[in-house]
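One chain, subunit A, links the two complexes that follow: it is found with subunit B in the first and with subunit C in the second.
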Partner chain A sequence: MIEEKRNVLERFKSSGRFRGEGILAFALILPSLLVVGWIILYPILRTFWMSFFDIESPLPGSYPFVGLHNYFAAFKSSDFRMVTEHSLYFTFVSTFFELTLGILIALLLNSPLKFRGFWRSIVVIPWALPTIVNGALWKWIYNGNYGVLNELLHVFHLGGQGHNWLGSPFEALNMVIIADIWKNTSLVVFFILAGLQTIPSDLYEAARVDGSTPVKSFWNITIPLLVPSIMVVVILRTIDAFKVFDIIYIMTKGGPASGTQTISFYTYQQTFSNEYFGYGSALAYLIVIFTLVIAWFYIKLLRQGTLEGVS
Partner chain B sequence: MKPARAYTIFIHVAAVLMGVVILGPFLWLFISSISPAKELISVPFHWFPSHPTISRFKDIFLQSANGENVSANFRVSMVNSFIVATGTTFISILVGSLGAYAFARLKFRFRRTMLFGFLSVYMLPPIVLVIPLYLIIANMGLLDTKLGLIITYCSLITPFTLWTMSNYFRTLPADLEEAARVDGCTRLGAFFRIVIPLSKPGLFASALFAFLLAWDEFLFALIFTSTTNSKTIPVAIAEFAGKYSSDYGLVCAGGVLAALPPVILALIFQKNIVGGLTAGSVKG
Partner chain C sequence: MKNEESITDRQVSRRAILGAGAAAGLVTMMPTEGFAAGFSKAANVKGTISALFMKQAGYSDTDVAKMTADFKKVYPNVTVKTEFVAYEALHDKIVTSALAHTYDVVLIDVIWPAEFGSKKMVVDITNRWPASWTNDMLGGAVATAVYNKHYYGIPWILDTKYFFYNTEHMAKAKVDEASLDTWDGVMKAASAIKKAGLVKYPLAWSWTQSESMLCDYMQLLGAFGGQFLDASGKPAFNKGGGVQALEFMRKSIVDGLTDPVSTATAAEDDVRKMFSAGQISMGLNWTYMWAMANDPKQSKVAGKMKVLQTPAGPGGKRPGINGSMALSMSSGTKNPEAAWAYMSFLTSQKEQNAVAMDSLPVWKSSYTDPVVVKTSPAVVAQAKKELNDMILRPQVTKYNAMSLVIQAEVSKALIGQKTPQKALDDAATKAAAVLNA
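And then the complex of A and B:
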């Protein structure tokens, strides 16, 4: 009976009703295309087009064509070099710490803890907190006169009286990064934990029988098998960190002395405060290119790692 | 094998430390929101207010909105955020699941290319889109409207729901649909009668993400909105926190309220969220 049904199914699969799926597929995808396409595709092309013109107002009109001048202007500008450095620093430092802490916390949550469900719930909280609320909260914690961070340091006799944590350029950048790490490490934990749960426990058992120590097992079994999860999360976090805007806006508005100006924030200011729409468009495209380069670089690097892990 | 005692103690100490670092700032947000303004800026430092007050929350919920009143504006912005996020969630789930089904089950040309096309929208820095979108939305007369935000958010979030739903559909056994079709169901009939009812957990997780993404969005809302007509809660908070003379307790009260919906949703539906977010990532 089952055999018969399977035969019917096989014949059915190769029959005409399974062909002509293209039309149905198109019909099903069309709504998404309409919703996404007109408001994504057009702007992408439009931004590209605008980046070749010297547009200095939001009003329609005819503006001089300047070719690649906006791009050259960006590369010649020392501001652009500075904000790119800030963005790279922000991206690498925050991604590095989020990954390291994320792996440690995931290992912790995967260990035989009492009330494991409770600890796992706690980790969800920073992730769910809206970015703007997170930024406002940390700005308040860092406050020089009334901030709880100074008071905490004071209680433990570590100084910190009246210190304004967002007062000097490089320190402010690092403090913003800490706020970002506090919120976004959770995402890394989710991915690594999901990866850890797919590793069969008999692998560890076998390694132990063969005389492997837990530390050795971690480097020889856990890390190589986690590489796919690490790869996904590092790419996600890098792309997100590189376009960081919200937390800068709420915490420092790019200051002090442009110390926390990242490339997205700089683009925003050039475009919407100074109304350099043409230059802003070129900057936006440079961000896209940087993002692609970083993503490509990671994929290449990590793919090599995967192969090593296998062999 | 029983784990060593020292190990057990170590992991529990580490877990408590983690709990303090995560919950501490969150607790401080709450304490600041119920501290009277005077105590927030007084010496000596107050770890907990000697006169806790819920007056800020009362103000937010009860004061009448007249444009100038910050507390009442927080309430109006919350409602705006709620309308925008709900509308976006509904549309992006509806549209996204149809497309997702095609990507998960049907064979057609350029399937992979199109899927990656949708996915790459997520990778685009929003700043690339915001410049011309601002001009488009302005031309349509939709600046400072909730509809303008819903339209924008749908186009940003649909790729996400499409991706997560497509991953979910792929985890369902195809036999069920095929059996239904042998019994005379059409493709679409099988989709609505078999696939959708089976996909409730996936739909639910995707809807939650869509809601959280829309609730959290800041850049577009900042640029497209200008009055309480459409300002969302992140914009209202950012604006008020940016003023020098602001009562930071009120910023924190607004922050607590803005944080509650996503945090509560995330805590209740933790398993769905984490599962939905990481689906398809661990197979490698």
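And then the complex of A and C:
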């Protein structure tokens, strides 16, 4: 039977009709292939090629081939190590808080609240704000002289008068992370809320009948069934957070004392401000490699680690 | 030629007289020398060009729109598309658009001719540069677009940082305004103002980690008799006056005289806003601050402020930072004649004199022109002194890369992470590595 089917398939493949359909199919996807190839594939390959040259101008010319020198230069650079640490810190802290807060808010919005539709709608606002607006907004909130944060602390007698929230490197990095958490927790809420709505309520009912407490149900039903949603959102947020650029550019421009410089901001500066295009291309590829490693780590963790057993 | 003959051969009509009058009028509107004189030539220049400007200090977008409208009257066949970006984005915009040839004319900072000129991103206009311009422009302006004795643009914005102060605060704190002639006097005045409780921090600066911070540092380095690079081109800012300047900056923070927001996020426009709000008493800033801080519609200190030449350091030196800018022709322009016409027109004395309130002209004789003097007598009086003595940041091809490493180290010293000497030593090592790379 199988042999017969295989023969039919072989005959069809060798027929002119198959070839004609194949050509037609290829012709139909060719425009898309060309567009995707030109605007995505070509720059990716071109950047990879550039990373092996010492290019210091945006204009075409003859530039020396330096092999892996740009990659080695990055690993030797203390600045690169510093910005990588900042990026990793930014990524893990922001993703952790966004996920934790996102799950809590999603649980709240999934419960029978009054005006639930309204609450669900306003959660979208931070995420809908362009990052440039969000950055400018928080920059003003943190301003030592006019900032709302200092004013609030003052009103509640918690001090803060004249405190410069973006004035010291580590504090500034944490303050930028808070601004990022405020904006991107919304995205986590949507994903988790969507995941929560796919969990049948009779599972909770059955667990309750079997004597399970709400906390036990949360850990034994909700979280395991949310793993696919958590996995997607964590990977998305991790990749996004590791590449963070715009909020840094708006709020601190990498300062003070380079304390908020992240790997993407550093790459941008090296590439466009210093015109080290070869080095910048190598840095861009290192970002891709780091991002893939982090994403792979998360996937492994979620599939085989603490949440093992959930397919 | 044929047309000219036919006109002279004919009886002079009323229409011809009106036409000649119009042409003569238009010719007088055109830039002075080295420029294609005559309406017929202007009419021959055609096409569409794009120009990139900054929306910050210097000429406002309204000024540029006015100048462009004037240009259109003389060059009716040229259409100009203008675009404005923040200063921080200007360099990178020029770089990223270079290959696509997006702009025909770009505004470049005084620190970029070496970089853009050596990489042929902007056109060497030495052969178009009339010899008379070198004498007719102020020395500091001419230096704006020069690299290796070649011209890469026409100077347009001639600027340096002046010292602005609130006269009301000085009077209330019983500070003799003459004492503001030196940095030592400024610090004593700041202490008196703080002691009188007029403001919490009498000074604010543009010391966010950026080029604006380096401009202030350079101006103080000059006042303290320091040198940025030595005669052999090696960093020398980690010796003598360079270190004293940074120690002075740090001390003003430690003593509580400088608003700490200065090292966090403050750039020039933040200093202007704080000064205009009466929140600080003194500050360094570019020319444009005078008009805005003295405008009652947007300032609480209008009529209660004065401007001075930058204060002198211990040795009596007081160079102003050269913060000038030039209009350059992009190497990818498809219409060099229209680009040149536009650059020449905007930099012409007549156009610059007309908007002197926001940025002073590059032309020497403008400073005795009653129109310019009347526009901004307070600033012109100080400009006459300060523009003759300016400190130029080094014209090196890797200026940006060098500046970024110095900014990071100066920032560390300002927030107390490193001592000024240690920070500048580290900056000198890194800067030397960039220059030798």
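Brief remarks follow.
In this text, the second predicted complex is superposed on the first by the 275 of 311 C-alpha atoms of A that agree within 3 Å, B and C clash if a C-alpha of one lies under 4 Å from a C-alpha of the other, contacts with A are read in each partner's own complex, and residues count from 1 in each chain.
The rule is short, and it goes like this: contacts are C-beta pairs under 8 Å (C-beta built on N, C-alpha and C of every residue); 3 or more make two chains touch, one makes a residue touch a chain.
Remember, predicted model here, so these are calculated numbers, not experimental data.
In the superposition on chain A, A:A172 makes contact with subunit C only, not with subunit B. Legend: residue contacts after superposition of the two complexes on their common chain; A:I132 is shown touching subunit B, with no touch to subunit C.
For subunit A, the partner that touches more of its residues is B, with subunit B and subunit C as the two candidates. When the two structures are aligned on the shared chain, A:G162 is found in touch with subunit C, with no touch to subunit B. Contact with subunit B, but none with subunit C, is seen for A:F245 once the two complexes are overlaid on the shared chain. When the shared chain is aligned, subunit C comes close enough to touch A:S258, but subunit B does not. Contact with subunit C, but none with subunit B, is seen for A:S273 once the two complexes are overlaid on the shared chain. With both structures placed on the common chain, the touch criterion links A:G144 to subunit C but leaves subunit B unconnected. Contacts of A:P58 after superposition on the shared chain: both subunit B and subunit C are touched. In the superposition on chain A, A:L24 makes contact with subunit B only, not with subunit C.
Shared interface residues of subunit A (contacting subunit B in one complex, subunit C in the other): 58, 60, 139, 143, 145, 253, 272.
Across the complex, subunit A meets subunit B through its residues 5, 8-9, 12-13, 17, 21-22, 24-26, 28-29, 31-33, 35-36, 38-40, 42-44, 46-47, 50, 58, 60, 105, 108, 111-114, 119-133, 135-141, 143, 145-146, 148, 151, 182, 187, 190-191, 193-195, 198, 227-229, 232-233, 239, 242-243, 245-246, 249-250, 253, 264, 267-268, 271-272, 277, 280-281, 283-285, 287-288, 291, 295, 306. Contacts from subunit A toward subunit C in the complex involve residues 56-60, 139, 143-145, 162, 164, 166-169, 172, 251-258, 269, 272-276. Those residues of subunit B whose C-beta lies close enough to touch subunit A in the complex are 3, 8, 11-12, 14-15, 18-19, 21-23, 25-26, 28-29, 32, 40-41, 45, 47, 91-92, 94-96, 98-99, 101-103, 106-109, 111, 114, 118, 121, 123-129, 131-136, 138, 151-152, 154-156, 158-159, 162, 178-179, 181-182, 187-188, 212, 215-216, 218-219, 222-223, 233-234, 237-238, 241-242, 248, 251-252, 255, 258-259, 262-263, 265-267, 270, 273-275, 277-278, 281-284. By the touch criterion given at the top, residues 88, 91-92, 95-96, 98-99, 115, 119-121, 200, 208-210, 259-261, 263-265, 274, 279, 331, 398, 400-401, 404, 407-408, 411-412, 414-415, 417 of subunit C touch subunit A in their complex.
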